[in-house]
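What follows is one structure encoded as structure tokens, with my remarks underneath.
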Amino acid sequence: MSFFLFLDYAGVAVFAATGALAASRKRLDIVGFIFLAAITGIGGGTLRDVLLGKLPVFWIKHPTYIGICVLIAVLVFFTAHLVEYRYRLLLWLDAVGMSAYCVMGTIIGLEFGVSPYAAIVMGISTATFGGIFRDVISGEKSVLLSDEIYITAALLGAVSFTALVSIHIPESVAAIIAVVLAFSLRAAALLFGWTTPRYKPRKGREIE
Amino acid sequence: MSFFLFLDYAGVAVFAATGALAASRKRLDIVGFIFLAAITGIGGGTLRDVLLGKLPVFWIKHPTYIGICVLIAVLVFFTAHLVEYRYRLLLWLDAVGMSAYCVMGTIIGLEFGVSPYAAIVMGISTATFGGIFRDVISGEKSVLLSDEIYITAALLGAVSFTALVSIHIPESVAAIIAVVLAFSLRAAALLFGWTTPRYKPRKGREIE
Amino acid sequence: MSFFLFLDYAGVAVFAATGALAASRKRLDIVGFIFLAAITGIGGGTLRDVLLGKLPVFWIKHPTYIGICVLIAVLVFFTAHLVEYRYRLLLWLDAVGMSAYCVMGTIIGLEFGVSPYAAIVMGISTATFGGIFRDVISGEKSVLLSDEIYITAALLGAVSFTALVSIHIPESVAAIIAVVLAFSLRAAALLFGWTTPRYKPRKGREIE
């Protein structure tokens, strides 16, 4: 299995796990677990393929992706009660998936021949929309609206990968560096509460 | 009119009615009724066509579908006050639409030449996403998160249809059986509160 | 720059500004501003391109659109505190964007060769879905569910443009008239609280 296929499957698997964990928080049944796991696992990549016009989308052509989501959902269904802090675990797995996907999405954009700018947007979309779909459908506050750094980490991964391949670093090396960079920034945000400067209304004024 | 076209129109009509009923609960105006009716009526099939790459989507090529949604929305606008339990009616119509669509979506997937697995996913997506769009846009709790069996019924319809045609039952017979199966399961859930085993955290532990 | 390109850029810019204003209300960081600005600015047009099958979507081919969203987001990030009534400003900018987009969406549908009915639906989708994505992702009540006229104004713009070009009024003249009509109706709704007749349950009955 190539490194990139591994990265792709890993991204699907961990995002699927976050969807299944969200299902466990809503106490859904096993089909609900599979449904949310699949939407989260393949949602970002599905959007990417649709925007590019790479249709039918990837998981129609390669059912392995759906298989991974089903497997992970069943696994989480029977083991999630062993986990003490399920939301915390969800956030960490989401961090892994986001890091893998911001790079995978950028790669697929570049391979498809779009401009580096568009490829970076592809990377960020792939990395974030699985989680957006999960949060919107399960009715939770979007992880994007959290205080800690999130989209900035996806941006860092996508930009650093694009920059590294543009100076002729081999793709797989660039990918590893970019995934590590994105994950490190998000991990620091989760561990130390790192935030970027927020918009703050001028003091002395009321916020409407 | 062929049986499948009838099934398709029926699915659009009843889903459109659920969208219009949701609009009545939000006290929208008649254009709002049409808007929500259309999103619900053609939303699932639109997603299916986009994922497959059957573009432009079906209702751009065949405006009849939009016409059905407009008609149903106007009808509901002037008659919804006659209905005593609108949310209950919404759930029953939704059950009919879901049953018709989980089979129609699977048929269209198979006809498009995708694998049986992908066709089943197409069927489930077609059956559920109209309702998801309706609930997300109108700001209601998604019917998917309800306690009673829902997605499982769509899965039953899609799987049983695929299984029946694979053993050479004629398509229309298989479709009728599968629609009846899916509807019966969902109806039992609505009538008797049937549920599938939920995820339950181990007893003695607090749920975070 | 042609009149239509100007209309298109203007629509993206004002919708992007509403997304950035929504980000300011959620106190996001600058990347969050850019993200919400981009989703709102290009969301409606993206949906339109996907439904038509004009893929890859427009902003992948023409990165200027993303550039406009980034620029506007940065601008709003540093100036939004100067605005006293940010939600009010959001509504007015949204009105401008909606008016520009209901006509632009219809034009692009007609140019693509779809029927006038489908083109009108394209126009309304383009005009409304940027705002729907903004509201759903930022967790705000959708502007579509507000009491004042909204979708009706988009419908007026799309229908009047289609009607005017069908009686051989030059496209640019028809576009200006239609934009002004749509904007005037929405402006009247914002200024005078104009509403269309709402669905009202028969009096003497309880609403479930």
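The letters A, B and C name the chains in turn, as written, and every chain counts its residues from 1.
Everything that follows uses one rule, which is that contacts are C-beta pairs under 8 Å (C-beta built on N, C-alpha and C of every residue); 3 or more make two chains touch, one makes a residue touch a chain.
Quick caveat: nothing in here was measured; it's all calculated off a predicted structure.
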Topology of the chain contact graph, where touching chains are joined (line, ring, star, complete, other): complete
Magnitude of the superposing rotation for subunit B and subunit C (Cα, nearest 5°): 120
Chain centre separation in whole Å, for subunit B relative to subunit A (CA means): 28
Junction residues of subunit C, two or more chains touched: 50, 53, 55, 136
Subunit A - residues contacting subunit C, complex: 50-53, 55, 112, 114-115, 117-118, 121-122, 124, 128, 132, 136, 141-142, 144-145, 149, 151-152, 155, 195-202, 205, 208
Of all residues in subunit A, those that touch subunit B in their complex: 23-24, 26-33, 35, 38, 46, 50, 53, 55-57, 59-60, 63, 66, 77, 80-82, 84-87, 136-139
